[in-house]
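Per-chain residue numbering starts at 1, and chain names A, B, C, D, E and F are given in the order in which the chains are listed.
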């Protein structure tokens, strides 16, 4: 693969960053006396996860100009993501989107309550961004969540996809369908209009079948996106929840006419599953940028996703050294040390 | 089933409420620097669990008139239970019963130390209660623990059973035998004298066989209570501890000449197993009051008990919405979402 | 004073209940890793503070039907306030108002960020309440915050004032002007239209002079409200912030043609000043209901307010025993024990 | 002063050791979700405080043989006190005394609730102790609290005083009158019968005047104990509580016909005042054992007591190095470094 | 077995005691805001684990004379280990060794970072110890870690082995090979020179085969040590890490010409695996001292090791009562109570 | 003032970044069960404090390539400081410097224990840095601590001062004499050799008089540095510790032939005084860069320093909005709101 050269950033994402509030220690929202504070957002999780591995990334977002906005900004920096393209909202209506997350234990499921309507991010407009941003990155990443939040924002986001595409960046797109945000019909229409611009497409089998109404085997569906829209890479992940605390994970990639797959990670000890899907994308995009091969992309993606489940918060926290060590163990046979000394 | 109508309460319990002190995070009593504080008591757990689902309940108990008593009162209110029938002890001897709970991890078992002798509750007398209380509820609930604490208290409790029975309330009785409180002989004599007044009887198979010296199959034993004493419903639960952190749970109900049973909940992820038996009763009583059918009673009882294991503290914290969702998943087949969004 | 007799409640309030999120230990919002969760709202603080002292109270409010709404409901019950008049919002737009509070240390001031627009409370309408509520209380309490949140809610609130007044309840009104919610002109017009219905009026000197444009001495202003609008009691408080952690507090009451005042509480050790003004009202209303005299009203109000500053959270947590003991010390001369054994 | 030589211990105390439970961060007992656990007891505090400075000490006490007893034993060892003379109670009635402590903030006073009746300590009998204990120490320390707990225990304690006295140990006695435990008459009669055996007498001015009915100036009263009973040292302390968080402290010692006094420690920043009186005794006894002079005794006693207020828990935690540094600063004039680097 | 009689101690160890710093709740070192503090060191863990069961032990070590050294000293006392032989380092170079521990969750492994170079312990010299120490114990315990830290310290340690051996103490030696500290060649040469003095030898199968280059079956290897060097007891343990949170454990002992083995403990719920190997030694040595039989030694060793995994920190916290109860359950067949009431 | 234009950074610092470990809540190092983790270092504190206000800064430092190094790197990014010039140490000897901090309460002083010898930073060499760094900043900042740590490092640092000076950057120098690191003679000789290169000189009166042996009034001394060495700005601060929790602070600046001073901040409520001196420098340098005037420099420096005392950790956390608001209050007269709503 050939990426645009001499760019300031490897990866720029566009997306809302929310405050995540979650009770400690599997306590219930209705009873806990405290909340743990995290920053989260699908696109931020992707660009930060990749940046923690060692590339340069930035996030385009809009935050209220107040102490809550500063909290999120600090977390973005902490995640090794540039804050150059954070826009601050000074309006009286400024607000930060919030979501409440309760972690389950069988038979009590994990659950989420969103309170993100009318957040500052929804008011982002194109003229708040510098015109030279489009030439500054190898990859531009976005998920369909951003397209679903607000009609005006959808227009802005689509224009940005066009502009980044024209400026030579690859487009990475996560078809991250959320039924609570929009209808399947509206989603299908919107994302299919974007597919022709997409180079790296991430879509689950279930979404392909239900929302996008694809049929055939999974392989046929994946190959279909490449054939129809010219996507370079199509990736799909599969998570099995043995219980809220034990998951299995694997993925499949279609690229250059071939399918790639690894042994699944089974019985992952889940501490916090939020963001593990985004971590997969982070690993795949990092693998592509650094090594350009689907083999490395899938093994880094799988490992980063599996490890993310063992870390609290939305954002991945792994260094590339940690991930290489996990990959080595995953591939190893025979006796292994149980501890890294 | 026909319950008494136009009562202020659906369910009134009589029982001691203790302070539970337990180290956080599976630490040991002999080493932890802090204790988590909870209110607990078998009967309170029952009436609160049912109240959190949506009925009106009250607890008859006696607390020291000091800050510790106020702590317990606040927790009772928090549990959606009326404090109208809390009696306050102003005597110099007033004290709150305490128990210390240490949560285990295999091969270290969970353990309990009781320090409840001479608590204010033991001094409760009938004339401290308003005479109109007996007509105010559909169900009166008590466990044999209350009968075992103190001879004078036993007399008081038995008189209350008679009075509630005469006033038209159903009597719910949990034969909750605790070897540390009294002998099997004394317990047998006492509870069998109460059985003729009991409408809803909760008794484990082990207690039936050992303390109550019943023989035959479990079904024969259960049917026997109905035949001999005229109980309307007999329920028995079965918990298997795979380890201190993983339990299996199911139950059987005999009512109207039939037996009822569900698929067990297996591999429950246990965070705090204390009170899960009481939560079962809460669910069954709620099911009877709201729906009058053993089918609903057993499925709500099983679900509430299973979920209670996943929540810290003695008292159930589930809304009926949460329980209905757990029941739905328990009965479902095929793919399920791992998270409630 | 003569209060309506045989009412279910002594005091019913109408107001929004928000989630308060605040960093522990004087940490900064922009840096803390956790938030402490509290329920807060001016009118809830008043009715709960009085209920904790020993009267019966209820709150009229509207909450989202989800786990966050349940959290608030649990806290309301915990505060000894009836949840009979909580309305639940099942709409997709349902949300809980939130405010973020950062506690200061000199020279860093405490600060608040509100995120309460479009909360479920704003959609409360009269027909969601039972018609018999108006006859059920001795006092109905409201603050001008409720009038400022939403035009439709303002109409609802004013109608409720009229209906409670007609049903024989006294009206308690806190002119709690918040410049961030509405203009001085709009506030003045609205509250002056309500004054003729008000029996117990709470208004600060600063608000009297600036927003209500009164002139003369403080005594003249207070007497003016009684003369013009027929208010029975006019109370005004004065807080001096020596630093964010040390405050002085006193108050003045005009009633029956006389002024009442105590020695101020000086050098109060402030742990959490939020809600201490509401606690004053709670104490005054409790004093009026229980004793009917301005002397007791002011001494209980002052003590409850002073003590509230030493307790975390918005809501008062004092029993009447604690307050009587504080009053006794406040009035005492000579040596005092530094500890209650 | 000449102390007995070649003893295994410098100081042996007799007293109950209780579990202290206190809410963190000045929270209220009626509201906090956790308790901090500490071991406390007047005599343990004294012998541990001295041991942490560098002498050898032991405590004679009786604990329940269970995890709670083990917790206290661990804390005793942690306090550098020998557990050689801990007796374990294996009876079914065994229990650990508890006290609940709430720390205040002006105008909310600190307060204590005791739950110590019928503790294992009350059943201590002389024949549970090895006969050779009496010859093993330079000083035996006891407070009147131990004499007030139980009639049988009082006899045991008095016999121990006689036996230690006969074996050549000095007797240290703290007249620590607690009105909640016994009447002034009974206390006076009991402690005056002990005074002839006492070498080091600690008694407050207030107790001297009220319970012991002494008259005259403080100096006359102190000298009176020496003249009447032959005590070697009489010490009295004076604490002024400016507020629950700021105290002043000084003391006066009479020895060898002279009075000794230092500049008071003013505006001590109080984090936990419990045990600061005991720390004074610890410092004085340490000073006597190590240096034999009232000058060193009083300056170490004052400093240890003042510093104890700044440390959480009942027990002193200071090394002699820390105390010497505090003494040096206390005596210094002119500029001082604000930090020890 | 016959142990030396009338000794002050049963067991004296020589070893470094480090500060262990580990994030709470499986957080990552690179992200956690706090560290939990523990004292740890292989030999301390052994002597403390045995002391908590009921024998008398001491540790020879050297600590910096500052607050960090005092912290470690307090923890040593807390572990029921005498601090009589702690040497304090007053030099300007004094420092405490530190290690950082991160606990894993599959597929993230646990890991350790050491920062122990140039610690005060490395400067320990023989003349800092009293000459009478060698006669004061039944057993002297050391691990090869101490031999690997520093050349001068190695000489000191070897001399101490000789002196204890000459004074009639049994020598217990843990061949605890750590590749990060020295080469296999150097280790082999050093430990084989010590073997002739060793009575109780603890060595893993892997170390026997790789570092010590033994061949044959495990039984042949174990017997070989006894035949070649005259060791009385040879013990080897086997841990299988099913995942970071679930381990299997068993062990084998060769003594008096026989092999001893128990059923393994499977699916141990691991909270903190550090020190569980040391706890095994503690149990075996305790069993030997108290009962003199390999049967009791192995069952106490296995149980103490298994239980240690369920307790946070390096040091065992079990009483002998707890261990006997675990052994009883381990050997039992049929239904067992899941909780100790 | 004229700063170099078009630089990537406004401010680059050179200095060690250590791990700070401190007990929570004024607990003692010798007793606390946890440590709070912070990154700290005089120069980092300066460049981060300025960056949080809104300029671009970077730190030149060297960290071990392990999880501890990553922790520090994350904190550097969080502090809005570029990690472009962090060098990672891959050697086996790599280590992170640590310091332990205990916060006092009168009469217990705060104290510090350093464990920084042989840290990775000491091995930093010039050829590890890119040659173009010297042209990339307006100001280069260093303190004498860096000069005192290691002889080779001193040479490196001095060369860097020369190179930055030659490249047109202003040199900011903090004469931060620490007696524990080097002698007054060596320090004097070293820093006086640097003074001719210094543009912005920060030196306390005490250091001027003792280590640098200046005489005369403070004004004469300050003017002397300007006259002798050509420094543009000389600043000196004065802290008075009323107690460990209440400080007074002011400062004086000499620039352009004039002296500048503000009203002191009195009775600052100190939560963490570490780094407040560095925050002063951060504020002054920010003021110079943004406004170029000593008036703004001193008022921002004073406010940032005063506020830093109220925030936990070494690093300042204030936005410029917060500081402007503090300045406004500091200058204001008459009534002020006690809270920012």
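Worth pointing out:
Just so it is clear, contacts are C-beta pairs under 8 Å (C-beta built on N, C-alpha and C of every residue); 3 or more make two chains touch, one makes a residue touch a chain.
Since we're looking at a predicted model, the values are computed, not measured.
With steps allowed only between chains in touch, the distance from chain B over to chain F comes to 2.
Looking at the partners of chain B and chain C together, the chains they share are A, D. A repeat of the C-F interface exists among B-D, B-C or D-F. It is D-F, with more than half of its contact pairs matching by residue number. Centroid distances from chain F, each centroid being the mean of CA atoms, peak for B.
Note: centroid distance chain C to chain D, computed from Cα atoms, is 46 Å. Measuring from the averaged C-alpha position of chain A to that of chain D gives a distance of 62 Å. Centre-to-centre separation between chain A and chain F, using Cα means, comes to 39 Å. Shown for chain D are the residues that touch two or more other chains, namely 25, 28, 30-31, 33, 70, 74, 111, 319.
Applying the touch definition to every pair of chains gives A-B, A-C, A-E, A-F, B-C, B-D, B-E, C-D, C-F, D-E, D-F, E-F.
Remark: chain A residues 21, 24, 28-37, 66-68, 70-71, 74, 93, 95-96, 98, 100, 102, 111, 113, 115, 117-118 touch chain C in the complex.
Against chain D, in their complex, chain E makes its touches with residues 70, 74, 77-78, 80, 319. Of all residues in chain B, those touching chain E in their complex are 25-28, 30-31, 104-112, 114, 178-180, 239, 241, 243-245, 247, 273. Across the interface of their complex, chain A is touched by residues 25, 265, 267-269, 271, 303, 306-307, 310-312, 317, 319, 322, 325-326, 329-330, 337-341 of chain B.
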